[in-house]
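Next, two complexes with chain A in common: one pairs it with chain B, the other with chain C.
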Partner chain A sequence: MPEFEPRIICFACNWCSYPGADLAGVSRIQYPPNARIIRTMCSARVSPVFVLRAFQRGADGVLVTGCHIGDCHYISGNEKAEENMRHTAELLDLLGIGKERLRLEWVSAGEGGRFAEVMTSFVEQIKKLGKLKLKEI
Partner chain B sequence: MKVFEKIVQQTKAYYCIDCGICTGSCPVARVNPRFSPRLNVEKSLLQLEGEIVEDRELWSCLTCGTCSQRCPALVDYQSFVLSSRIEARKAGREGSLTHDGVLKLMMELQTFAFPQARTGWIPKEVKTSAKGEYLYWVGCLPHFDVIFKDYGTHSLQTAINALRILNRLGIKPVVSPEERCCGHDLLWNGDIESFRKLARYNIGMLKKYGVSKVVCSCPEGYRTLKVDYPNLVGDTGVEVIHISQLIAQGIKEGKIFLNPLEEKVTYHDPCRLGRLSGIYEEPREVIRHIPGLQLLEMERNRGDAICCGTTGWVNCSSYSKEIQTDRLKEAISTGAQTLITACPKCKIHFQCALMNSDLSIEIKDMLDLVGEVI
Partner chain C sequence: MNEKRGLPSVGVFVCRCGVNIGGFLDTPALVEYAKTLPGVVFAKENLYTCSESGTAEIKKAIQENDIQRVVVAACTPLTHEPLFRAICQEAGVNPYLFEFVNIREHCSWAHMKEGEEATKKAKDLIRMGVARAIELEPLESIEAEVEPSALVIGGGISGLVAAASLAERGFRVALVEREGELGGMLRHLYKLYPSDVPAEEVLKPWRDKVIDNPLVDLYLESEVISVKGYIGNYDVVIKSPEKEIPLKAGVIILATGAQLWEPPEGLYGYNKKDVITQLELESLLMKGKLKADKVVMIQCVGAMSPERSYCSRICCVTAIKNAILIKELNTAASVHILYRQMQAYGDEYESYLRRAKELGVRFVNFSPEQSPVVENQQVKVYHQLLGRELTLPFDLLVLSTPLVTQRGSEALATLLKVPIDQDGFFLEAHIKLRPLDFSTDGIYLCGCAHYPADVGEAVSQALGAASRASIHLTRGYIKVEPIVSSLIDEKLCQGCGLCAGLCPYGAIEMVDTSEGKKARIISVACKGCGICAASCYCQAIRLSHYTREQLEAQIRALLSA
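For the complex of A and B:
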């Protein structure tokens, strides 16, 4: 049986993390191709609904990335994102999906290597957790 | 469309005498001139179903039951709206979701068999049991606690207080980690398939635990388990009790002693507990029994109580805010310092309206009030 390849949704902010991912690409840094990257203007745009909907539609993990604290293009968007994701993690625990399937990371536009590292370790983590089974009650 | 003929038959819409009491009584119609229950019934009789289904105001109905209660021809407008929404959903229509739709998503996700972790909040000093006669139905309180953290409603505190009160009454209830959303909001938003799924699951869960009585602190859960489950899915095999009934009984039997509290309060009847279930007096008995507490009635009380302004987490608008501020002003005009309600959603809605106004009154759940004095 082939190894389980998790489906990951990665939200990347327009100003830091998306260019960070781009840098990883143009620098030809290798990282697992499991993620579908969705660009948002700010990490604060990622509402709990985006994360929950991703799981409902079959994602195995959700990675949210934004600018480092203090570097947000909109001054404090990433602080808001942190709060949003904290609440989302609580909801995921209540629902039984588990907060381990959600991760929030800061990646700047110059950190192509770091983006690849984050992605590699998150994919490893989700592989260990296994597939999220969407079995109906 | 044959379906609407059936809806007209079932809800006795053909009895409509065109008197307009429904629209005159409707809290939404008072603030939103485009909304009219009478007009909707007329449309169904004139076979203009398409218009009903397409109309976005279909989702503005609070299903609070004031119209049905006052209708001289006994048209069941609530069921009319419910059935129309089921049809509208089939046509791909939906109300505009509040809070980004997170609550609907939470309900939908509960139809998947994830192993939930919903009993982690129970404090150590509260006693629960694994098997027994009573089950405490927690409902959405843990979820509300997370989602409405910013509102300061502390919904979980209500659940903790409910358990503390039950312990005082000598009941160590079962709190099931396998409980799932009762499906109330899904049903009233026309998603009957998901509702049926959840209902079947919950009925099975109750049978598995072998309980004979279910205690609800949420009026919506109470109504859904007591009325909608047997009507739409099947017998639950349990007696459904609202916690206010148990407390009122406990007071009569001298099982529970309430400490004095100097306060002037007023009580808001939640629609699901009052008009839809006929429980008006028990919460009042409980409140009146607290020594020193003065219960002041609002002008529109019991069956005439107006709604808290939104339902099922759809179509919250400036109209909802108008209804809510109106109710809050009415509460303040009684001279009360605190508005007591028995529904966690009423509390959230009023708290939200309060945050956006310069009115000042405290909003408390009945269980939090009793929790303070035991």
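For the complex of A and C:
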């Protein structure tokens, strides 16, 4: 049986994490190709609804990335994203999806290496968790 | 229109980027794949899509195929989105109907050894991009008028220069100073390094310009107590001793300076008599009351420490200055400066340092692990170079303490919704690219409010801030990127006020309507972070260009295949 290849959605903010992912590429740092990036202006845009929708439609993991605390282009958007994602994680536990399938990470525009590391470790984590099987609620 | 499915017609352009993409991904397969996607009427590969011939092909294809949405799969939007948006506009397609798919930085370069998987990923990314493109809406940039007047907070040298400079350009300025007099720290200084001119001589011309210009309204013993609105249109309330004064301003310049850290009584024997700060020394010099034959100065007192890890920048040259002044008054006096690192950069300050040495000022380097000890009118310090302890008797000990954040900075930061750093200084938008701007448009900063600066630096920053601010005042209107939030339908809004509380820019107001409280979004003040749209329980707010439909289309397109 071929190895399980998880499907992952990664949200990346326009000002730090998206350019961080760009830098990983420019530096030719290699990481597993499982995730697909969706660009938002700020991590704050990531609504809990999007995360739930992604799992509902069959994603195995969701990674939300933004600027480090203090660096958000919108002053404090990432702090608010953190709060929203904390609630979302609790909800995922309640729904039996498990909060380990959602991760929030700060990656700056200069941290290409870190972007690749985060991506690699998240893919490994989701591989360990296995394919998401949604129970009917 | 794409007749078959009632979708807008999409054109997809896949860039080979020489071998950068073409060398790793199967680009012909990507083109064939794109053609099968819903809405796509045209797909083509280019060697370099951003080249003259590549962009010409896009324009030609738009016209020949009546393309309404343009998708380019190439490098990163952060460098090339403006170019392709402009090309779309030239070809008659609204620039916001353009979608960028990154298959280079995020794909071909990141998965160079996984050609097949990487090509699969690129197909997914293109499918997501096309799905999003179909949901895009044309947008027009937003314009608003700018009130041709400024509010300057702080009447030190920075605030005076900024106010005078804006008034000289013909704009009305409200200058608010909380003390009873203009001038700030300079009022308490004797002479200024590096030319040793009296501080008053530097201050006077700027103060006169401000006082003489009828366009400047002075508010002394006053503070700003309320700021509402946004660039071009601030409603300000100033509290003077007599009354509260409402006024309008188009831009705001913050020049509230800093204060000198006062050591706790007893630190190095601090007693304000024979153990004093540099500021207290300035006052002695100014009054001509200095009598001392044996002077010792200790640098970095309370600075570059765990509590205040930064270098205050002005203290070294201040110590050099006052040492020179003491030597000039009394050549027989001995002056020792005990320092950790000498901050006397640049030609002028270096020759200033040399002059002090020539006059016989002694410099002793100590390490923070072996700080000087004060007892019985003596300073004991381990001399790093001599490798032994020196004992220096004194009749005046001067402590060089750092400039620290101005009293009330935090409250002011909250009022203006601008950030401060870990040390309480106001934080610029970008240290190199936008050093005088706040990230909120329309508010600027200069002088010691930002960070310890000398007068020369404070004046250039003030001229710069005034110049930045006058861009908007001169133009008379502002244009804002149309990526902003709006209320989808007032009926959906339950008036909870969560969004107004979350907005980092105060761009949402709660207003009373006949249907109860409702959110009102001020689009020129909105920056488009999307926190309101993401947090609204009632889904009553949408963020244009990053709407729920657009983002969910990407999620759906990825996972439905």
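Rule of thumb we're sticking to: the second predicted complex is superposed on the first by the 133 of 137 C-alpha atoms of A that agree within 3 Å, B and C clash if a C-alpha of one lies under 4 Å from a C-alpha of the other, contacts with A are read in each partner's own complex, and residues count from 1 in each chain.
What we mean here is this: a contact is a pair of C-beta atoms (placed from the backbone, for glycine too) under 8 Å apart; a residue touches a chain by one contact, two chains touch by 3 or more.
All values reported here derive from a predicted model rather than from experimental measurement.
The larger set of touched chain A residues comes from C, when the choice is between chain B and chain C. Once chain A of one complex is fitted onto chain A of the other, the partner contacts of A:129 are absent, as it touches neither chain B nor chain C.
Legend: residue contacts after superposition of the two complexes on their common chain; A:116 is shown touching chain C, with no touch to chain B.
In the superposition on chain A, A:22 contacts chain C only, with no contact to chain B. In the superposition on chain A, A:91 contacts chain B only, with no contact to chain C.
Touch criterion met: A:47 reaches chain B and chain C at once. By the document's definition of touching, of the two partners only chain C reaches A:7; chain B does not.
When both complexes are aligned on chain A by C-alpha atoms, chain A residues 47-49, 53 touch chain B in the first and chain C in the second. Across the interface of their complex, chain B is touched by residues 47-49, 52-53, 55-56, 87, 90-91, 93-97, 133-137 of chain A.
Looking at the complex, you find that chain B touches chain A at residues 100-102, 105-106, 108-118, 120, 142-143, 146-147, 149, 180, 197-198, 201. Residues 7, 9, 14, 18-19, 21-26, 28-31, 33, 36-42, 44-50, 53-54, 57-59, 72-77, 80-81, 84, 116 of chain A are the ones that touch chain C when the two sit in their complex. Within the complex formed with chain A, the residues of chain C that make contact are 76-78, 102, 104-114, 117-118, 120-121, 124-125, 128, 417, 419, 439-440, 483, 502, 504-505, 527-531, 533-535, 539, 543, 546, 548, 551-552, 554-556, 558-560.
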